[in-house]
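Naming follows writing order (A, B, C and D), and every chain is counted from residue 1.
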């Protein structure tokens, strides 16, 4: 973990309310486990807390980190208006990402993502590809026009889409897509990131899978394990886990979602 | 003598800046970012006798130039703090004065924690947290009733091996009444202010956003209240004051010192900038030059 | 019936938004920017029996997401208000309900002002200012002592021709104690919150920046405190609440309404945007759609 | 008075800490008395109050208003970093400016300015020139390198400079310059804007002059006469005057400085 002023070198609008930022700096040389996140200081005095974003991809050769975010509130709206060239005080990489070391070339991984849970899964898929793992993606969006990174994922493996309104791919949410198309397929690893409903579906479906992982969100303050703002309860244990430092990635069946 | 040095009961500080309780844990992760020896001292997270699970989530909400928190004193309990947390700090930063923040639901609990925690080799002082707004029992109710506050202070002083700073609540009609009461009961100093009780409503659910309904307001938003209350207490007491509330720059620190504080704790600013403390320490000499301040000590007319 | 309409004792409001006392004078200059008839009502600057010169300058200081003010109730006095200010409003905006903010140093003074000002044709209600932090006598001391607050309320109610809303101070340990006391004394409603007492130090002089040393903190910074206190009072009383404290957007207004307010006053936001009130009024329907709110009235579970 | 979003069309650094902004909008068509000011909302959520600045010049043909300001605190620092193209919520023109209608072509006016009191005097001098009034300027700065608008003023009439350190023109403050060089010169009108010391010197020197005016500063909140934040005491009268609406320009001898 380092704290660094990264330079915003590009910002692109991917959909109606989703943006991609390219940030340049030494942080791109830190070892990144996919699923780890950065905590960004929005340059506005009235916003005290940093904003956490999963790392969508790292390119150490170009000193670049990419983030993909949706504009939901004040902070992300401000970020989306920032001009190229500005310096963004960034803390990261933070937390524990998706375990992948156990996988061998030729093995099969399923990546399940929804909405703005998708960005960190892109770096995951890239790293799995580099390891020679065969990756299948099940990706959910609200509507067709909200889809981003379609080409990027397609280049990395099979992609099954679900949309809530049926405007693209399977008509329904991700849990229904899994039921319809993935019931008889086995994977050596399962990874998920997305809204609460998606995580509950995956957690339930793969609770006994030896290598199934979900990435959680939580309201954070310090972002690094010292303030206890972001806790989730461990399942079947009198224990609280910190999403920022024990997570954001947890094995299925481990935490109350 | 360094320009930044300050001496308070139990605390020889090489500079007046320390992280505030609850915003810095026991410093373990912050130590990955900078050498904690640069701090004047460290105020660690509240310790209670038994481990506490704290409040339901969400525990933090952002507000204009501030934040609401309702952590609810989650901590691993006195045993773990004595055997793991404090030794970790002592092993790595033996010269760093630790101020132990003590909380409880009953006087007995406070007394038990003070008795034992004050024997830790690196605990230089106790900050008696009679002002936590985020717990149903104890906490703030001790800090809003002068009689209870005085009795608790007396009992803790009787067992503590180190000086006791009483952390005052701003959620009172007249803070000087409480300050006088705990001074008469033997407090060695004050620490102020804790958070103001606040609430945020989630427009989607029309219910309070925080799991605990209310939370404590901190950050730049409350600095004017902190300055006012430090000034008030300085006018009725010569005891040392560890000032806090919205400090995020060297100028903010100087403002609280001029109001009457003798040292400064930095709380939620650590969230915006995890290196807030060293950044403030580094910026102090230049800011002092600008305002013709020779030494931090010289601002403390009371000592 | 309009979605924005609200009915409170003495006040039929076409929308719930009105400027807060002291931030809008008697509206004369704001009327150059927009038609005051767009407002739900107008709360005018405090009236005292005799003209008041107010406090020494500087009277205002900026703070993080807020401001400190210590105007000190400067006003032309009851006579001028009755013969010039209120008639000016009545001539131009005869349909605009006026809420007269009343202040004083003694109970007699409050009573004298209430008696006469409540007879003005356009004064629809009185806002009894027992919470001004910026005057040496009267003001806040009435608002922090439940007995004095109750007695004053009773005396003013006895002479007022219009409903009396008591403006509560946030600078108290327990606001519900004061609220209960003034409700028992006959208050028709509450208005809350007034400003939190704060201070800013001028680093150059090392002295308080404001001429009055302390001032009242307002603006977005205090919204969480306002929401919390409105929620507290809503839980112990069914009286109408004119809510205020840091409102600068339709969402802010909805937040205070959800906390328990029945109408909303906008204070220091007028400084940042002199058209804050009409901008909020215009934005309300869309914000209500977003959060599935049919009517403002439907949020008021108490009425 | 109107409230308008003006577009920042140019921003230039004049000295180490003085900037000139050019703002475009309909406000340039409002009648402006020199000495009137605008109240600018700095685009930062944490800054509640507007910032008052004297109008340095108006060009209705180009829809432009110019402001010249020194970076002293948060607000002005932020303004100085704004990119061209941004919209600035501006209220104005506000207050009462310098009376000039009594002057006739060929009459003589003395304009006395110091530091960031100088900007509104530039528009004043321009308007006086257009009226055919002969203008003399006495202008004070701390140091030579702080001087701005030198060519602009020179084009409008005689300019006498004073610098505190003697690095340009007369060595000393403006009061001393007036004593040294203006004791035997008569003017039909005297106008001053600048720091408190300058205003006191001018107020004292020209207290009996029938047409001498000073422009005051004060901490403001509403900027338009409704909050009573900005008052100054009238001299020899139990009266408070509002700098924002009764001023900022007052005749000499009228207010306590």
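Assume contacts are C-beta pairs under 8 Å (C-beta built on N, C-alpha and C of every residue); 3 or more make two chains touch, one makes a residue touch a chain.
Since this is a predicted model, take the numbers as computed values, not measurements.
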Result of counting contacting C-beta pairs for C-D and B-D, higher pair: C-D
Whole-Å gap separating subunit A and subunit B, where each centre is the average of the chain's CA atoms: 36
Distance from subunit D to subunit B - Cα centre to Cα centre, in angstrom: 47
For subunit C, residues contacting two or more additional chains: 63-66, 219-220
Junction residues of subunit D - those touching two or more other chains: 45-47
Chain-level touch network, classified as line, ring, star, complete or other: complete
Subunit C-facing residues of subunit A, complex: 45-46
Residue ranges of subunit C in contact with subunit B within the complex: 63-66, 68, 144, 171-173, 196-201, 203-204, 206, 208, 213-215, 217, 219-225, 227-228, 231, 246, 251, 254-255, 258-259, 291, 299
In the complex with subunit B, residue positions of subunit A that touch it: 1-3, 41, 45-50, 89, 91, 218-232, 238, 240, 245
Parts of subunit B lying in touch with subunit D, wherever the complex brings them together: 64-65, 220
Contacting residues of subunit D [partner subunit A, same complex]: 44-47, 74, 83
